[in-house]
Every structure is written in structure tokens, then in C-alpha cells.
Amino acid sequence: MHLRSCNAPVPKEAPGQFVMAYLPRVGEVPLSVYYRRGRILKFLVEDYGGVSTKVVGVRPSSVLAVRGPYGHGFGLESGKSYMLVAGGSGAPPVINFIRTARKLARTRFTYILGARTADQLFLLKEVEKLGAQVFPATDDGSMGFAGNAVSLAESLLEDSHYDALYACGPESMLESARELAEKKKIRYEGSYVRDVRCAVGICGLCVMEGRGLLVCADGPVFTGEVLAAGIRK
Amino acid sequence: MHLRSCNAPVPKEAPGQFVMAYLPRVGEVPLSVYYRRGRILKFLVEDYGGVSTKVVGVRPSSVLAVRGPYGHGFGLESGKSYMLVAGGSGAPPVINFIRTARKLARTRFTYILGARTADQLFLLKEVEKLGAQVFPATDDGSMGFAGNAVSLAESLLEDSHYDALYACGPESMLESARELAEKKKIRYEGSYVRDVRCAVGICGLCVMEGRGLLVCADGPVFTGEVLAAGIRK
Amino acid sequence: MEGVNTVPRPIDLRAKVGRLQLDSPFMLASGILGNEHSLIMRAYRAGASAVVTKTVFNNARSGYTPPIYFENEYYALNAVGLPGTGVEHFSEELALVKEESKPLIASVGGLSPGEFSHVAQRVIDAGADAVELNLSCPHVAGTGSEIGSKPDLVKEVVFAVRDALPRALIFAKLTPNTHDIGELGKAAVEGGADGLTAVNTLRGTGFDVTLRAPLLSHGYGGVSGHALHPVALYAVQNLRTVLPDTPIIGVGGVYTIEDALEFFIAGADAVQIGTAIRNRGLQIFGELRADLTTRLRNARASDFLKFKEELRI
Amino acid sequence: MEGVNTVPRPIDLRAKVGRLQLDSPFMLASGILGNEHSLIMRAYRAGASAVVTKTVFNNARSGYTPPIYFENEYYALNAVGLPGTGVEHFSEELALVKEESKPLIASVGGLSPGEFSHVAQRVIDAGADAVELNLSCPHVAGTGSEIGSKPDLVKEVVFAVRDALPRALIFAKLTPNTHDIGELGKAAVEGGADGLTAVNTLRGTGFDVTLRAPLLSHGYGGVSGHALHPVALYAVQNLRTVLPDTPIIGVGGVYTIEDALEFFIAGADAVQIGTAIRNRGLQIFGELRADLTTRLRNARASDFLKFKEELRI
């Protein structure tokens, strides 16, 4: 997991939107903006073994091209309490969301980061500094809650009320987060990953199968209702 | 000689600029704007036997396309006295000039229209109404001055001072007008005709030979100095 | 009588491309969202009169890795590389499309006449109303325009498909990367095509000057959008001249009703929309329908087919 | 030392296209103002490193009647029809061009190999430094791309000119209206061309929907400007691949220094400017020179030839 920055006059994005980052002679990957300040963009990139490995390996002097931002981010309202669940490389858009949303009045965040083991947990301090309540969860119990992030979210939701559950991570995690929110009758938004190639809603490759929705143009963040309704929305 | 109007959202032109008028299945000709009011443009078209003949023959219901305006028009300053010499189809831009310039303070116009015979003189009353002093000249002496328009201009210049001599008509007339202005040491501007096809300064066909100047883009109105200097300007 | 409420005359937008009946002349072009059943249905609901699917091959293809798409204000460049799951799986997708009243046209690819005819047979069996043979993709080796730029190969491929499917509706999609598209059109018709789709993208490329790198991972791709429009219009005009009676679908740079009308003047029977979907969304179909209705009304025409005939020059 | 006045390093913009020596890589394209001696001299004075004249034939040609030109924000369409006074008169024009230090390249047309070689001989005799064979105009019957789209004819024409002018500098200007521009380039080189100019315009057309009429009197014409840019870049890239050592001049949609740099990345040795003259005037030459100087300076390069080699990918 590395931190990369690059200069690019990319228009300002909303948390949850993504860009396409192109490393010449290697490839282009969709990345959520983790941090931005003026022309500086930062990403958190997980090493998946393909293009991402090369992106992780770029030296600070390398030149990357960035196009975007694309898609739709997380809904944001002041005066609400948000339960935020991140897994793996799902952290960046969620942290960016907190960074933006914390400027709003009477807005509360609980941030859960799930991973297999303590080594894979990162940036917890940083998120704490942003004013969120932070709870780690590890499958092996090596740090924080022993179990998956959504189970932890469920137990926290027993104790206190939240207006919304936002999630970003593996699709199985998103599925259980969505079910949990439905059960609790609170707003759900999740950021989904598909095979994003054109990123502009023309090639169809990032379809949410059977729903007529495109991750790149209609998402990557979808609400529970939109996911349920699909093209009937 | 006919009067035609057509609707077109052509940007406002300066007197002396021209448009390209396209009559489908017939052709396109450069025409000076004779009159404009809002989306109504009027032209005076002489029947030369080619495309112009067909343009002259269009019924009021026909649809024409107009592109432009193109080129540069006559220089215009208030407080000056202008000697304006028109021959044949050279009248339209000159009349348009008077129509625009008469709104300026302390500006005087003398308008000479030359033709072979009285039948070919036209719109004299209209120009008088615009506040110009009007002098017809005919080769056969059938109306007004007997002789060519430039000779008449010369004799008028003997009697009183003018700041500038502007001319539009056959090239031989323009040549003598230019010489006259040079002799009298007054400003000269003339509107020239060449084989205008692209009208945007790219094909080179409307070149003022040996001068590196384009009628469509640098003209159709040229000052005496520019004509003398050519590309050295 | 002015001032009195009058019921506007009903306007009939129906179009016909040979035996293909359309509720308007505005179809979705191949490769644009037509790779999955729910996207196809979304296009129908947005007002597309027909959908041409993503080109399908016999076997699965992964296509090219990103970057596969570039755009500026003048054109789009793409080299997607014809990814797909293969005709077996794609036939299941086709079967899931529930839209009885609008034609579904399967775009068929192949590396040989045999593959074209096999895939065509499979998609027709799966319920496609017609096939469009992709003889024109400019950036995949061994298929597309490599076949489609040679009249004899065009004829051979179309003939193979016609032979396998004597009664199917067959369109041949042609490449503009040729000196003589009329020859390609004639070859397709001789091979047995019912109609032509003109055109696919033009070969093109571009570079990121700062990165000193091609804009597309494949190195080059296909030019679509505004830049393609005049070339596509020429193709249709030329095909209409050499094949006065052949059904022709125009495609290339249709963004507005004017762009579409130019195709009808040139001789097209219907048009497909591709790149403009990126800029104007699928709602472009509804907008074009509304704009065409207005045009017909203003021309005091009640029927697109007649209106179109009168546009022709 | 910052703050101390330093003399900026001298920047050398000289370019080389084979034996053609240029004071910068920015040339004027054929058909753009190159029909008369005073216009040619105006282009030189504005900073063009070389001028390619309007294409000249043996006999006078009147060309097409207006409308011959259309433009929108995406492209220009033209069908001027190669008007000219014929080589006899044009040779006199060439002789009037007084510019010793910059190359004058005569664009040569013909309806047969014999006409090409005859006209080429006349213009070289009249003082042209090189000829560019117009094997690519897309809208005149019997010449241009009708010849230039067939490798065997390309070779035959170039060979005839080479035969007549063993030592002359010969460029062949190629058409993008082909499936395989590499083949055309190879044929020209086999025929004896010193270098290639890529590309001429793409066939295209358009209609005025209100008038129900073609935008050009000829019915169709050639597409230039922005729309042509990706197609021309592909042509140069492809030619550079199949002909690694052949001098290549890129032309098509150069408006900015970025557009030119893309051509150098693709493998061009110099570029020609056409349609952009309409938008940016002849002063574009001075602007491009200034912009290239800045680029070289920023890259700490002092010399275009080296800079260009490093750009190549």
C-alpha cells in the first residue's frame, strides 16, 4: 500500500468519484481520490498483481496521466450520523468522504476498517485525527474486533442510531452491508468495483449485471434503492 | 439590377465587407451587403451572365444560404469629408457606407455614380435621402456629368477639399481613382474584385497579383498605402 | 383557425430498412452498451428503435487493457479490442432480452467465413432478429477491416452467412478505410446481404505529448464522433449512388437531428448512434424522436418515410 | 547562477527531411496560398521553412465553382478542383519567387505518368528545389487518389518522374483513403521517391439541411483540419514502422505545438500546415517557432534534431 501524488489540473471531485491513472507502457487503472489539495492528488493503491503492481512501484519522479473525475460519489448531508465501513482498498474514498464531510455542522462519523490481520490495517490514526470514531476489525482478531467489519457495524448499530451506512470494499462485504442497512431501515450507499475501461459510460464493460447500471457513469457509488430498482429507477 | 432579401443570422458586418450567397444547384457568389436590418440582408446584384444571372432570377420564396461576413470594409472616422465614387455593381458597399457613416458628427459625403448611360443609374434618390450630395456621371452624357466618374471627382476636388476618396467599381476606374487621390495627397480606399472562392483566405485564388494580398481576407477594401506596400506592409 | 384548440396531427416516425421495421430511424450502434441484457433493455426504454449488440465471436476474448478510450472536442478514439464472453454465453444474454416489439440485431465477428456463419447461426437461434456482420473493426488483427477492405473476402463472408441462414436478415457493416466503399457495398450485396451499415471507425491514433506515449494501449484505434461524420456521409452518398435500392443504415457522428437529416439526404434509411451517447446520454434517443417530430410538423409532413423520400437529392 | 543575467542558450530549430534542409520543421502545405509568387513570398516572410505550391498540371484547369469550402468547429471540407494556369505560366511564377535560402517545393499533378514527369521536369527547370507528387487529391477524376490508392500506379508514376529527373528531390504525397498506407508508401519508395508526405484530405461530404443541398458544388470533397489529425498520425506511425529510414513529412490538423509534437512522436521529420492558416493566419509559423523554442528550452535541449530523436517511441 503506497501513497502517490501527481500534478494534474483535474477538476474537483466529490468523495467517491474516481479518476483513471495512466502509467505509460504499463496501463491505466481506476483509482479513488484519497486526498486532494489544488493540483496535488493522492491515491492509495493496493498491489493486485497486474497494472496496480506497476503503479505501486512508480518512483516519485515518474509521470502519470490522470483523466476524470468520473462517476458519482457518496451523498452528503449535514446533521447526520454516518456509519462507514471500509475493507481493503476500499478505504480511500471513505477517508476522502470524512475529510470533506467533517466541515459540516453536527455530522458524526464512525469508521470501521476491516482486514484479515493487523498488518493490513492502515491510516487509523489519520482518520482519528479527522474526528471520526475509529474501530478496526480483523478476521484473526490480531487487532480490534475479531471478525468481519460488517458484523462489527451490526453490533454498533444495536447500541446507537445512525442515519446511514456507507461501505466500500469487496463485493461480499458490500452485500452484507446492504442487507444490514435494509434490516435496520437506514440509508445505504456502497462503492462498487467492476471492469472499468472507458470510464465514460460507452463501452458497457462495467455493467452491474442484470441491473442496467454502469459503475463508471451511474456509480461507482450506488444507493440501496437504485441497486434494487436497477433500470426501472 | 434587382433587390433581394433573405433571412440569415449573419453577424453584423462593416460597410465594405461581403458575404457568400449560395443558391442551391446554381452556385455561390460574393456579394457586398447593401442594406441590413436585423436578420434581413439586402443585396444589389448585377446580371453578369453566370451564377449572378440565376441569383438575380431567384423568386422571393427561394432559399439562399449566406456565410460571412468576410474581409475588411472601409475605414470610418467622424468629422471627415468623403468623396465616394461608385461604378456599376460597385454601388452597394458605398451606399452601405453612407448609411452607417451618416450617423457620425460633422461627416460629409459626396457620392458619384458612374455608368454608360442614364438607364444604368439607380438609387440616386435613395442616396440623396441619406444626406449625401449626389452626382451622376454618364459616358454618353445622357444624364449628369458627361464623362467618367473619376473625371467628375477630379473636377469636384479642384473646387473643394475632401479628406478621402473611396471607390468601388471596375478595376480601371479604381486605378484612376487611386492615382487621383495620390496626386491630391488624400487618403484612398478602393474595393477590389477577384475570383473569390473560399472567401476565408486559404485557397489563394483571390490574390492581388504581385502584392501578396488577398481580396477575401485582406480586402476587399484596400488603402492606397497597403496596395503600394504589398506584402512589405 | 388560429386561436382555436387544434389536435396536433399524429406524426408517424416509423422507419424501414428493407425488411427491418423500426418505430423510429434512431438505432443504437454496435459496441455501445450492447454487451449485456439489462443494458440493451435500458437502451430500448430510452427510445432506441433497435439495438445492435456488441460484436460477438465464437470464443471469449478479453479485449485490450485500458487506456482503451480517448476523447477531445473533435473526436473519440477507441481500441476496446472486441472483448466478450463468446457466443455460447452471449446467446444466454440475448435470450434474457425481453422486448418483443423492437428488433435486436446481433453484431457478429469472426476470424474466418466459417466462424462468421457459425456465430450468426447461434445468435439467430438465440432470438436475434437480424445480424450485422462486423467487417470493419479497424484495430483487431485477422478480422474486421482486414477482411472488410477486400471486396472478395467481404463477398465470401456474407455468402457463407447467407448460405447458413437463407432467410435471415443480414447487414454488412463497412469500413471507411478504403478508397472505394462502393465496391465493398456491391460485394456485400452480391454475397447476399440485405442491407449495409456505413460506417465503422476510421483508423487513427494520438499521443500524450507529456508522457511521450500513445493515448491507447493498443497503439492505435478507431476514430468516431464529429470527425467521422463527413466521411460517413460520403460513404452513404456513394453507396446510395452505386446501389440505388439497397437498404442503408448511416452511422458516424450523429449528435443532433441535423446530423441525422444529413444522412437521410445522403440516402440512408435509418441511423445509428454511438459516441454521442457519451455526451448526451441514452436520452438522446428521446430527444431525437422529439426533434424529428418537430421537423415533420414544421414541414407539414405526417410520416417519416415520405418526408425522407422528399429530402433525398 | 540564478539571478545573474545569463544569455539564453541558442536554440537550433533546423530540421532535415532527407536531403531537404529546413530552418524549422514547419512548412506550408500544398493548395494553401501557394498559387502565386507574392503569396509564396509572404509565407516565407511569415516564417514558413518551406513552401509547397498549389498542385500544377500541364494544362490550365478552371477548378470548381463556389461553394468550394465549408468549415465548422471540427473540420474543413474543400473541393477546389485543382485550378491553375498550367505549368507554362506557373513556371514563370516560380521564377519570380525571390527567396534563396528557403526551399520551394512544387506540387505536381498529372493524369498520366507522362504528365507527371513532364510537369516535374518543367518546375525543376524553373527553379523548384523539390517536387511533391500529388497522388492523393480525393475529388478530381483521373488523378490524385484515383492513382494514389493503387500501389502499382504509385510506383509507376514515381518511377516515371525519377526516370526523367535522376537527381531531383522527389516526395510522394499519400492518401489516407486506403486500407494500407504502408503499402502505398513502400510502392512510392520502390518507385524512387526520396520521401513521403502524409496525408492529403479524406473523402467527405456534408449537406445544408435547410437548403437540401450539398455543402460543396462538387458534391463531395476532402476533410482537413482537426478531424484529419488522428488519421494522419496513424498514417505517419504506420509508415514509420514499415519504412524506418524514409523521410516523412506529417500533415493533417496541425494547429498547435502539441499537434506537431504528436507527429514527431509518430515519426515525422517535419510537418506541413494547411487549414490552421484559416484560423490562426500565416503568423502561426512564427508562433510555432516560438513555442518549439520554449519546448526545447524547457527540455534543456539545444537542437531540434536531437530533441525529435528523443521524442520517438
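Labels for the chains are A, B, C and D, by order of writing; each one numbers its residues from 1.
Keep in mind that, in the parts below, a residue touches a chain if its C-beta (ideal position, glycine included) is under 8 Å from a C-beta of that chain, and two chains touch if they have at least 3 such contacts.
For clarity, every value in this text was computed on a predicted model and none was experimentally measured.
*Asks:* Starting at subunit A, figure out the least number of steps needed to reach subunit D through touching chains.
*Replies:* So the least number of steps between the two chains is 2.
*Asks:* Taking contact as defined at the start, I'd like the list of chains shared as neighbours by subunit A and subunit B.
*Replies:* Common contact partners of subunit A and subunit B, which must touch each of the two, are absent.
*Asks:* Would you kindly say which chain has the C-alpha centre located farthest from the C-alpha centre of subunit D?
*Replies:* Result for max centroid distance from subunit D is chain A.
*Asks:* With chain centres defined as C-alpha means, what is the inter-centre distance between subunit B and subunit C in Å?
*Replies:* 51
*Asks:* Using mean CA coordinates as chain centres, what's the gap between subunit B and subunit D in Å?
*Replies:* 37
*Asks:* Which parts of subunit C, given as residue numbers and ranges, touch two or more other chains?
*Replies:* 212-213
*Asks:* Looking at which chains touch, is this a line, ring, star, complete or other?
*Replies:* Line.
*Asks:* Every pair of chains that touch: which are they?
*Replies:* Chain pairs that touch: A-C, B-D, C-D.
*Asks:* For subunit D, which residues are in contact with subunit C within the complex?
*Replies:* 73-75, 77, 145, 149-150, 175, 177-180, 202-207, 209, 212-214, 219-220, 223, 226-231, 233-234, 237-238, 258, 261-262, 265-266, 311, 313
*Asks:* Quick check: in the complex, which residue numbers of subunit A touch subunit C?
*Replies:* Against subunit C, the touching part of subunit A is residues 20, 22, 24-25, 27-29, 51, 63, 65, 196-205, 207, 209-214, 230-231.
*Asks:* Please output the residues of subunit C touching subunit A within their complex, sorted ascending.
*Replies:* 31-39, 41-42, 45, 54, 63, 65-69, 71, 76, 78, 80, 83, 208, 210-213, 217, 274-275, 277-278, 281
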